[in-house]
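Just below sit the structures, each encoded as structure tokens.
Next come two complexes, and both contain subunit A; in the first it sits with subunit B, in the second with subunit C.
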Partner chain A sequence: MTFKMTKGGRLSALIFYSFLAASVAPLLSLLVLTVTAAWPYPRLSPSVLSWRYIATVFAPNRQTAEALGNSVLIAVLTTLLTLLIAVPAAKALGLYRFRGRATVKLLALMPLMVPSITVTMGMHFSMIRLGLTGSILGVVIIHTVFTLPYAIRVLTNVFELLGERHEVQAKMLGASQLMVLRNVTIPLIMPGLLSAATMSFIVSFTQYITTFLIGGGRILTIPLLFVPHLQSGEIQVAAVYSWLFIMTTLGALAITQGAVKKFYKSTYLLQP
Partner chain B sequence: MYRRFKPYILVAPLLVFLGATFYFGLGNGLLQSFGAVPGALESRLTLRYYREVLGETSFFISLLYTVYVALVATVVSNLLGIVGAFAMLGLKRESKWPKFFYQLPLVVPHLVVVILVFHLFSQTGLFSRLAWRLRLVAEANDFPLLVFDPGAVGVILVYLYKQIPFVSMIVFGTLGSISKSFAEVAYNLGASRAMLISQVFLPLLRPTILSVFLMTFTFSFGAFEVPFLLGSPAWNMLPVKAYVYYTNVDLTYRAQAMVVNVMITVISIGLVVAYSHAAHLRQRMGNGGDI
Partner chain C sequence: MANIKLVDVCKKFGAKETLSNIALEIHDGEMLALLGPSGSGKTTLLKIVAGLEQPTSGRVFFNEVDYTDAPAQKRKAIIVFQDYGLFPHMTVGQNVAFGLRARGEERQQILTKVKNILQLVQLSGRESSLPAELSGGEKQRVALARACVVEPGVLLLDEPFSNLDTSLRLGMREFVAALQKKLKFTCVLVTHDKEEAFMMSERVAVILDNRLEQVAPPEIIYRKPATKKVADFMGDANYVPGKVISGKFVCELGVMPVNEPDTDAALGMFQGDQISLGRAGTGFSGTVTARKFAGKLTYYTVAMGPHLSFKVTSVTSDFLVGETVSVAVAPSGVNVYPLAEESP
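Moving on, here comes the complex of A and B:
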């Protein structure tokens, strides 16, 4: 039996769809902007359309390819480093009751509560001393600080729901540590793993000030390319970068969603 | 023996990593706020920079301004977000795609939203053109300044765009877990829709709303990019103030930057601690409303 507030259905729909329109319409308007060559005030629609700005952004001298390559590389490396650290820690936090567990959880979630600019400025000097500024590795490290809390949160929940019984069973049946990891643990946590990975990817992909300070201007990413255009009011170029941004993010999401679906189809375990 | 140490071995990489980066950075920032800026200032720790920064009225103006922006953004986004969550609950059909698009702002980066707001609300933006069409303004300059403005409307609009769906999704998640039978019982007892919401749902939602409020507030309070790009040049929010100090060629200003950063951090963490304390207290008094 389901309970529905049919009386308010129409009002609900009105509110929901106007909110929806306010979310989506500006993005579509931005899409128009990417193919706009001239849009004089006070016209409500562009007077001249052209591919010029899209062509400008992807022109070889624009470094767009380099920035996109760097952005993706950094986001992928950040995701890998994040998972490498977060999976074992989340397993401990989700499965075992041990002394200091609450403290570890708090310590792990702290980067969510402290503004990124504070931490980045504090780490800046030691990064310089270690020679990590201006390097991909340095940027990956600073991004990982801010992706870890999300990954820990998601994966801890996954392990809590899962419990330890599957691993114990596999071990009792004679599986080695490696076999348990490869054939039991990783498949079981795959959906959580993928959602943690997507989040890490997006968080890393959209970082600006951390990349700017630690990259020292030498590591060019899409946000770094795009902010100067925003500041100088070249809004069409900025619009093209925006859509590049959105498409890459949605692409990453689609890949993850696809992977989750494929995973569920291929296995009988853990039907949601 | 191994079993006893296993959890500690598993969390070790996390603690080592965060210790060497985040906590080291935090400690380093704290030391710098006491004047220990490598290669620039005195070797003895001093409270001089706290006195200097906190002694200026401009710091308190910045603080109040930051609280104003963060509070307006948070209150409005939470109110509208909750309304959105109830609207989602009241939808007749379970619709997957509309819900997907409703969440779209969550994956749109802040930097892109900055452009959206600029495109829509600047003096030559779409709304200004619409106002011209409606004969409300005669030229672009008549349109009120909504970006780079002292009222920080542009900054607030960016946070609203991002946070309303965020609040909606979290509140909707909790609403979904509240047993339908609560609503049915109240309904059968003759409760009106308004009573159902105010007497049943809102009290049950209180812990969720409080924690979402806090999450959105601390974010708007400490975020740098949006006020940096869309804020008024004359009015600095605290993170921007820290950045301005930090990028000064004179390295001694780094101590001041860190003082501002320490203040932001203390306020953010203070709020979280106060909240968890209050939540804990409420729970112990058996009045938590948690399900």
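Moving on, here comes the complex of A and C:
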């Protein structure tokens, strides 16, 4: 049975928008939940609405602002540290042929293959001895352990596909290492960089156990603030935090993309 | 402008020997072709000259100064690769200006130089196009412009025309040759195309099996290949065993004067167009066993006795298969090699 062009087009559009709706619908119901005081079973909409959950979250003594600030700060620092390590590592893995290359690639993924608590407990003792626990730096380091696999993976692929030829050509024309990095390497890996940065930010932002263990209860982040609410059943407050979480992440992404676009002004990078 | 000297250059990749004892001198302002089949090591040699590879042993000199350990940036040589290597995220203008920016030239100067060189390569006004919008030939010209605008002493081209259509190739060859004459840089061209090497260069260096077999002007390479390997590479070689006695090569195709020492075991090489065929009757005779008409030329296979058979290239297409023909060779058209020299 063959689909005619228009019919096929309509069918695929239908499937696409169904998936889109299915993805967005939970977020919408989450949004509704933030103002729901009561929503008994057979009803399709809440019976009683209330602003009190939102008020609770943003009440001055709730440390929401502190937690948000910490989360963003840690996520940004984690992203920077991750990229600082991942770019040279990925360049080596992607461009050079050395013995044990496949093994190293696999090892880089290790932190994702075991439960994060095992890795964290393992590092906890050493970090206590180094005095890193209870500090922002300590939390950033432990987050980086879990963001590096994604960043290295993405950037290694980018470097493998890109190859060295453009850098070589630039060097031949007399460019210094810095000029090659700024004008050739970074613009060409930019999509990979954005992808790695995004993943790092999100992974760091969502960290719970690691922040809890290494932060020692002294560093407060958004997940630490609202997971207890989930456990105790106050889902509306958790829903407000969730939306706060989503908005912050989207905001950070928008700022990053905007800044990059402005900085490089290259039509090539904007093409899909 | 620079004179390049390679002394005893060897290159090994692990256990594999890519270049053996290359000794070559390239004159200032010369256009030299490195000719050889794929994998013969010619691209590696080019990269060694450029500074992108280090030789395992041997030295590289530019104008009598040892540059072997100098990195690519410090040398005055620029290499243009097979795929042009244009920066995809920069415009034509930015691409061409790159080398000038690296040298820290002033903005206004850069703009003028870019404008002039684009005019020279017939791409005026295309400064804001992106490489993705250009055709193969246009990308080629941008790559050349980018290399030439920094006035390199040496331009190295790695099979620059192999990605172009035939029609474009001829035009680009003439273009590069004219550019080289005008800007007077030393140019080394790597190619596996004999015609290209002969048409474009003043001298050709033939590299076979990782060794430099012969360096000479094109006509000498073609008419007087130094070894059997070079003769085989040129194609069109017919071999007739014989002897050299008192300065004469004696074989089944006659006696001809040669400048070789006396020997009992010699191999005479005749190229396909050095053998002429005529109506049966005079001189040696043979039988046409195959005939391929190819327009300008006709390729015959002629047998003389059960052991001797050769390929003849002729402008006449009159002879038919099975016909008896007379066979004659131009006396000056023979090259003699020792018989022991059999290629594996």
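Quick note on the criterion: the second predicted complex is superposed on the first by the 221 of 272 C-alpha atoms of A that agree within 3 Å, B and C clash if a C-alpha of one lies under 4 Å from a C-alpha of the other, contacts with A are read in each partner's own complex, and residues count from 1 in each chain.
Operating definition for what follows: a contact is a pair of C-beta atoms (placed from the backbone, for glycine too) under 8 Å apart; a residue touches a chain by one contact, two chains touch by 3 or more.
Please read these numbers as outputs of a predicted model, since none were measured by experiment.
**Q** Contacts for A:Asn157 in the overlay, against subunit B (first) and subunit C (second): which applies, first, second, both or neither?
**A** neither
**Q** Touch test for A:Pro42: subunit B only (first), subunit C only (second), both, or neither?
**A** first
**Q** Figure out whether A:Thr120 sits in contact with subunit B (first) or subunit C (second), or with both, or with neither.
**A** After superposition on chain A, A:Thr120 lies in contact with subunit B alone.
**Q** Which holds for A:Gly174: it touches subunit B only (first), subunit C only (second), both, or neither?
**A** second
**Q** In the superposed model, does subunit B or subunit C contact more residues of subunit A?
**A** B
**Q** After superposition on the shared chain, which partner residues are touched by A:Ile85: those of subunit B (first), subunit C (second), both, or neither?
**A** In the superposition, A:Ile85 touches subunit B alone.
**Q** Figure out whether A:Thr56 sits in contact with subunit B (first) or subunit C (second), or with both, or with neither.
**A** Touch partners of A:Thr56: none, neither subunit B nor subunit C.
**Q** So, A:Leu107: does it touch subunit B (first), subunit C (second), both, or neither?
**A** In the superposition, A:Leu107 touches subunit B alone.
**Q** Quick check for you: in the superposed arrangement, does A:Arg165 touch first (subunit B), second (subunit C), both or neither?
**A** second
**Q** Could you list, by residue number, the parts of subunit C that touch subunit A in their complex?
**A** 50, 52, 71-73, 77-79, 81, 83, 85, 87-90, 98-99, 101-103, 130, 132, 146-147, 150
**Q** List the residues on subunit B that touch subunit A in their complex, please.
**A** Residue list for subunit B touching subunit A: 6-11, 13-15, 17-18, 21-30, 32, 38, 80, 83-84, 86-92, 98, 101-102, 104-105, 107-112, 114-116, 118-120, 124, 126, 128-130, 132-133, 140, 161, 164-165, 168, 180, 183-184, 187, 193, 196, 218, 221-225, 228-229, 239, 242-243, 246, 254, 257-258, 261-262, 264-265, 268-269, 272.
**Q** Tell me, which parts of subunit A touch subunit C in their complex?
**A** Against subunit C, the touching part of subunit A is residues 165-166, 168-176, 179, 183-184, 187-188, 266-269.
**Q** Which subunit A residues qualify as touching subunit B in the complex?
**A** Touch list, subunit A to subunit B: 2-9, 11-13, 15-17, 19-20, 22-24, 26-27, 29-30, 33, 41-44, 84-86, 88-89, 91-93, 96, 98, 101, 104, 107-108, 110-111, 113-123, 125-126, 129, 141-142, 144-145, 148, 152, 202, 205-206, 208-209, 223, 226-227, 230-231, 235, 238-239, 242, 245-246, 249-250, 253.
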